[in-house]
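Which chain is which? They are A, B and C, in the order written, and residues in each are numbered from 1.
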């Protein structure tokens, strides 16, 4: 099944992945995505392989997605979360990872609050590493599943105009998607209040708008980002209602959009803050398609990094 | 093996289950209960199926019971607990569940503090749902394992007199057992201080007693409920010692009971509060039989909801 | 494969294990240690067996090691940690364990803060028990993997001089290693400040030194123990820097050691406190060999206690 050698030993950043890499990953994903629809959702590709989910930040969604992906490939999946980790005893990331390496895992899936953590880890071990989110830096598997979802619905990844709306400055999802979309020649406009848009981001080839209403009519895809309500005290705008009024997506605002626009959100959704419930649940909302594609993309990545033919 | 179609798509409430349904579940359980005694405790019935344990309240006992049941059926079992859940990020139950649904689970086992949560969830997804406790409402798998344990020891579920002792007002175990026992024509008397017995409960066809000592001699089965010691400040009686004196089961009080009475408790037990250690550990105590039957009943339910013949 | 009957039903203490027992465990380990290096790290020896990791104290390292060992043997592995346990509801250890027993586990791996907890548990159940650390008492699987690591590098376990440095008074690792090393006729010297060395420990046949510098030149193996930085307020010495100055192992001090000395540490390491980073990462440091051997030793123990030939 693996007719092309894997060029990339780790999945750390969308910056590492060429258009050809991404297309190859999607070809592999296409072969795995039907597994989730079978009565018996299991293939033996990773039997006898050990996948460790090492999460220094909680994430039901991403951890569960990787865990299901690994188990459907017949891997042994081990979950390690921050609360149960030696980190609370003050062990360094270096030592935690070296110790896991000594247990001979095949793939380490890592989420960590520090940008570059996954990259740093690759220098310490032989196992393959997948970055499941490193601070505000990157979240490449999210971008891959987002790109796949767009391709499913627009039949192309080129020539599109994608708006990413919200806290661009702190979003690894925005960053990874910008890199991925640009690979295919799509245009990205980042949209949000000035306080949430990094200064000089135009230099990376993206458009910038502080006026969602003015730009929405140009967009083929709208990616809403989550407002971190739990960090409410650090919100860089007066309050959530004010944010929602200008940058939340509701039915009224959506009337100005193209008739074939589609809506995406990496989740978890703050209903009534960045997105109205009626929009999140509408037929043009691809939020659940994203989640579904997430399992398939992660199966493909785990397989490409460590799978064997039997 | 599955000669009767499953009439019930979800296990939400004992109120949904007819006497025939319950008997059919027990027939299936009888085929699985010997698996736990084998040297190789594993059957392939749920290979390639995904069971998600979604627990918004902690429960070692119930979660472990479902996890072991699922694994012995060869299912992939995913545990999600509240602490690791997106709920802490403010995501709604609706979104949490819809996201899991997009990952194509076959069965969702749900414990939630809100009455009706499991029922609500079924409207949102295609997966089968098992209610593992929803607030003070129901805990049907506990009632099923309790009924099975009674049947094992009394060779019938009809014509018995069952006393349920403790915090009836807040007990989903009491509620589910009352519904189940009534299906088979057994009589239930609820016993406790007035503050713990709901007003008007007689309308549901149960007897009521505020005097354990007076009624114990009539009972074939005594089900002791756990006093929530951890909610001590909200105890609706002066103190635990006072409660224990009037409604705790000890050897002295047990002398007034029938010679073939059996004692049950859903656990975890508060030794010395609602039940004396000598009673909990006596031969007529079925507490560990309940736990053992729990794994078998849950295997049967998982199988009936999602299993396939290979 | 199992040509010798297992003499020991549980692994509770190094005091229970004869030299022959330990050698037999190592022979079994030798057969399993290559499994971790295979492309398919899985053998069917424990298929259909249930291993429960019951951890009342957190430990990423030990729990993960047992979990990987169990899964590579094809066992069903269930993790129960204190936070998710009924213990928080006030259930006794007795009841927790009896309830698990009713679910028919084959092996219970137990870590508990109370000395003797694992031993106590064996009186309550039929399942095999492995002590994964009981208070300041014993940690026999750590000692076994330490002995194996020494044997790998010194080709013998006899006639060596091993220094154990640190908080001897509260270390189950020290205690188990002393017992194990003495079985093979090696000499142990415990080293640390007076406040951390139990009075009268010489009666157990070990040497005592309060002066690391004076004794280091005699040692073949140096085992550094972790200083519990997280219990800083209870440190029985002025401060960590003071401790580190007299009992930390750094390159300068190491110049006084034998040329073929090897360094061990049970982890997690406090770099810069009890051990300098350059020492922890040096070729003569066996820290990661210990971790690697840990998985193999635990596979052997799980197999010896519950495995079957198929």
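Methods note: contacts are C-beta pairs under 8 Å (C-beta built on N, C-alpha and C of every residue); 3 or more make two chains touch, one makes a residue touch a chain.
What you are looking at is a predicted structure, and each value in this text was computed from that prediction instead of being measured.
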Determine how many degrees of rotation, between 0 and 180 and to the nearest 5, align the Cα atoms of chain B with the equivalent atoms in chain C. 120
Same or different interface residues for chain A and chain B, judged by whether over half of the residue numbers are used by both? different
Could you state the distance in Å from the CA-based centre of chain A to that of chain B? 39
Shared-interface residues of chain B (touching two or more other chains) are 83
Taking the complex as given, what residues does chain C use to touch chain B? 47-50, 52, 76, 78, 80, 83-86, 88-92, 95-96, 98-104, 308
Interface with chain C, chain B side, in the complex: residues 36-42, 58-61, 63-65, 67-68, 71-72, 81, 83, 229-230, 267-271, 280, 288-289, 291-292, 294-295
